[in-house]
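Step one of this worksheet: look at the structure below.
Naming follows writing order (A, B, C and D), and every chain is counted from residue 1.
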Amino acid sequence: MSEFLILLISTALVNNVVLVKFLGLCPFMGVSKKLDSSFGMGLATTFVITLASGACWALEHYLLAPLGLNYLRILTFILVIAAAVQFIEMVVRKMTPELYRTLGIYLPLITTNCAVLGLPLLNVQQSHGFVMSVTYGFGSSVGFTLVLTMFAGLRERLALAKVPETFEGAPVSFVLASLLALSFMGFAGLKLG
Amino acid sequence: MNTHVINLNPVAAPHAQTGESVSAVMLKVLLALVPATFYAFWLFGAPSFWLWLITIASAAAGEAACLRMGKREVMPQLRDGSAILTGWLLALSLPPWAPWWIGVVGGLFATTLGKQVFGGIGNNLFNPAMIARIALLVSFPVQMTYWVVPNVAPNLFDGLLITLGHTPIPDAMSSATLLGHAKTDLARGVDLLHTSLPGHAFNWVGARVGSLGETSAWLIAAGGVALIFMRVISWHIPVAMLLALAVPAAIGHHENPARYLDATTHLMSGGAMLGAFFIATDYVTSPNTKWGQLVFGAGCGLLTWVIRTYGGYPEGVAFAVLLMNALTPAIDRLVKPRVYGRTYGGKPISAEKGKRS
Amino acid sequence: MLMPIVSVMFLGLFLGVILGYAAKVFAVEGDALVGEIQGMMPGTNCGQCSFPGCAGAAVAIVKGEAAPDCCPGGGKALAEAIAAKLGVSLDLSALADAGPKAATVDETICIGCARCYKVCPTDAIMGAAKQIHSVLQDACTACGNCTEQCPTGAIGMQPIPVTLDNWNWPKPVLA
Amino acid sequence: MGLRDFLFGISWGVHPDDHKRPAADQALRVLPMPRHLYVPLLQHAGRPAKPIVHEGDHVLRGQLIATVQGNVSAPVHAPASGRIIKVGEIPAPHASGLGFPGIVIETDAEQRSVPADLVSDPFALSPEQIAERVAAAGVVGLGGATFPSAIKFALGLRLKVDTLIVNGGECEPYLSSDDRIMRDCAADVVDGIRLVMRAIGAGQALVGIENNKPEAITAMKTAAESFPEVKIRPVPARYPMGSDKQLIQMLTGREVPSNARAATVGVLVHNVSTCAMVSRAVRTGMPLIERIVTVNGGAIAQPGNVLAPIGTPVQDLIDFCGLKAGHEKPARMVLGGPMMGMTLPNGDVPIIKGCGGVLALDANEAELPKTTACIRCGSCVNACPMGLLPLEMAARIRKSDYKAAEELAIDDCIACGCCAYACPSHIPLAQMFNHAKGELWSREKQAKRNERIKNLSAARQARLERDARERAEAAAKRKAARAAQQAAEKNSANSGEASA
């Protein structure tokens, strides 16, 4: 059990997918205007990544490797991810139309989120087992959700600040993201146990 | 009765104001820092004084430049002392004999990227002093971890030469802080019971290796308690932070003394006291409700202990405070005081509950 | 050579079937949003927002062609309600705050021709043939139909006067 | 400020120095009858009263000049005998300088009053009779809320309140009119308290008096000695202890739910001056036509309490107490106390039933410290007696996000001014919240208006369609009738030919 926990902490905090590996930056910047919608986005992304990690591992293990079709890896991974995103989009549209409207274009854009494709590829690269890759995917997406929600809270506070015109909007958000990344370096080299 | 012109912008109540003002509050905090700072000057001699001066000057310069660029009047905001306080706290967290450009880069970074970018006082989201310290620590690891043995105080002029980098610092003088020493020994597999602590590593009075703010824990704590009684800060954050640092340390030490430092070492060494009383209690970046402050303080203490014990860096206070600053908006959203006549959830209370409470 | 084509084709087919089935399970009927927003509009089809009636404006708002505060009749209350419904943040201070206007009749030159109250979408004008007319300020949305009809220009748009009821403390300008 | 208070005492509220002495200790002076009285028709919460007198009429002192209108309203009586010279717009006691409907009386020398309607034993009256006489006398809450007292009695009776809380707090600095009435007419106050208890069926009365008024406490204790059910409870002097929700919590520990009245938790709050007026109204039938007003402030030569008729211009009060040498005009005139008082544009404004004091502030009292940026220090959060987050609300109001301020429960803000007082950056928080509440209220009003307009236009649409349909049917019926008629002529013509 503790080994699972250590992996979770190391993927979520130590090498966080957004602030350390710098994957998935466009939804990180795009959706984080409001806390509720960004938490919704985090959950949707977590679902997609975890599903995709498992499916891509199975795909790699049972289809691509035995048939030697490794060069098709990215194509098939994207296919699975796109299907998962379509599925989650239908679910969100049905379950919470409010969230569907606030996420808007960013929901289908999960497909293009580089973390969603990146993580399965990393799984394959580090040749994780099935459980390992699902945990790795889940841990990283929990890290993504955590940082996205923290950043959304900060940006909501920032919206109330008297930011000078030249920095209004995206520039100040980028400065804020860099400072957040700076403070996340505290977890660098964190080894439990 | 002639009809009078409609006054669309009359003076509103209340017509009485408190005597308190922002600069008075900042002045009290600066005064609370004076004893610890001068003791540190006495310990580390003139170079630390020059470094302190340069850091404050560059912090103020950074703020002035940004204000002028933003076409806002410079003097009132400088006079309220927040830039000086930021510079001072940053200087307290630097190695005493660090070169001058560390102070300049840190001071400028603190007030420009740390505060003015977000719109000046009251708008920054991270503690400016700590952001600058982390930026320096990450970009100039050598200069930022170069500690000096105390009680070797060159006079004023030689001190200036050292700070300006003219005369090199003799190696005999350098040593490691207690936390740094513990971290390296653990890395080398030597457990804490057998490690040979350098003479100056731990000293009750505070004459030990470390940055200006790390030495005299007692004086800093005294300054902090004075601030609490002057009602500038409330006791919630410092008490929560120190408790959340001491409790896991005590448990850890009890379980496995070889692996974990004990509670008093954690409290007295490193930036714990400075962090708890002066850095974590920064108004702008900490929650403003009592319960929120308790959660914030506990978070800072716990993260400091985690980073010190398991993390890559020996000193975790700066990182812990910044991470909790990042969580402050979330804490403010979750922890709100109970409004009179409403439940914690915000719904009006029922009449029976009103009668009974 | 055949294997890659076949495997990808099967994968696509398999996923397509799942999505087809899911589409039926999670079917959602048409976008009820336009109806909701139109329900909020005053419904006077006065045309001040340059769209064909309130329905036209609602469609434009949902499509994003029009801003939520394009309906002067609804004022800030409506703009805020639409912005909340769309989940869009809205800067209301930009709304031209010349203050709400209402039609007022200049009794001295009104000849009682009764043309204006025929075109008023909310029956806000009271009057009979050859009698002096007057406007119910509370029901007037300042759509301006009456001003075009009036032969003598007796009816005009005046800002609603400030009284103790609608006077409000101004927002203090902060440093 | 003992340690216990420091750690566990009440943390809300502020402690401004109260400037009550020496004005509070001066003997009560009676204002000579001013030449003109400007009596507003709206001096109470609810709908304005309807005038029943005309210009040129002659009225006696205490005569009814405006009757109740709507269910929450109060009558207005002539504060002096004289001639009505105007029924129209008079300057309103409001910061905007706007006017509102009122009656101007030119006072005469004789000052003949309406004959008193004495009642020998008021306690023989039934609660309804007491409420009726209080309503007829136009008695309203004199603490400042000016809610018609009789309607409160009915509410209290209906909801079976068990405790009457008498508010002798008067926590606003400078003001001492309640203090003066407790010292001089403690017997009237206690008598009024017992009458109100009888009117609302309350078992006990708790009189909350701030402990910075020792003379008033002793006076009230001696007056209430023989009535065990009237209990005098000194409370710590701390602004806003006089606010009803805070006094209820301090005396009984009960908390009034957010959007409900105090009566729902079994208590009713009345001001000490109101109780004194209830006693006079029930015993002698004397209506509410005069009240004790504190005239104070740095610019006043002899500050003190003055008994003045309702409708007296503020300028007369200030001239009566005189300005200090070197002040030809006060730097600022305030109606009420410094914490919640309303700035007056000029002195021609009349005092009304709910006005407890008039302040003439000199230059340094009126000096506005410069507003600097908010440093999120939280002293406003500690000061707020309602447990709100003033800095968070203010930040959102600055961005005109009133909906978010509403979610932070701005409706519960009692505008006591503690946050603005405690703010080291001197941000006018009270004004921001009044602005926001006004904006939210006007939006709500506009939403209701939109709703009405939608119904109006829908009704018009329906009417036009009905007219068109009826006209079409009528035309169709006429055409059918004509066709039938032609057909009839044709076949009569055919039968004519056939027969011919």
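Throughout what follows, a contact is a pair of C-beta atoms (placed from the backbone, for glycine too) under 8 Å apart; a residue touches a chain by one contact, two chains touch by 3 or more.
These figures come from a predicted structure and were not determined experimentally.
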{"item": "Other chains in touch with both subunit A and subunit B", "value": "C, D"}
{"item": "Pair sharing more residue contacts (C-beta pairs) when C-D is set against A-C", "value": "C-D"}
{"item": "For subunit C paired with subunit D, centre-to-centre distance based on mean C-alpha positions, whole Å", "value": "37"}
{"item": "Subunit A and subunit C: spacing of chain centres that average the CA atoms, whole Å", "value": "39"}
{"item": "Distance from the mean Cα position of subunit D to that of subunit A, given in whole angstrom", "value": "57"}
{"item": "Centre distance in Å when subunit B and subunit C are each reduced to the mean of their C-alpha atoms", "value": "52"}
{"item": "Multi-partner residues of subunit A (each touching 2 or more other chains)", "value": "162"}
{"item": "Multi-chain contact residues (two or more partners), subunit D", "value": "96, 98, 370, 372-374, 398, 428, 431, 434"}
{"item": "Residues of subunit B touching at least two other chains", "value": "6, 8, 12, 120, 122-123"}
{"item": "Category of the chain touch graph - line, ring, star, complete, other", "value": "complete"}
{"item": "Residues of subunit C defined as touching subunit D within the complex", "value": "40-45, 73-78, 80-81, 84, 91-93, 100, 121-124, 138-139, 141, 162-164, 166-172, 174-175"}
{"item": "Residues of subunit A that touch subunit C when the two form their complex", "value": "33, 37, 59, 63, 67, 69, 72, 75-76, 79-80, 83, 86-87, 90-91, 93-94, 97-98, 101-102"}
{"item": "Parts of subunit B lying in touch with subunit C, wherever the complex brings them together", "value": "6, 8-9, 12"}
{"item": "Subunit C to subunit B touching residues, read off their complex", "value": "162, 167, 169-170, 172"}
{"item": "Residue numbers on subunit A that touch subunit B, as the complex places them", "value": "35, 149-150, 153-154, 156-158, 161-164, 167, 172, 175-176, 179-180, 182-192"}
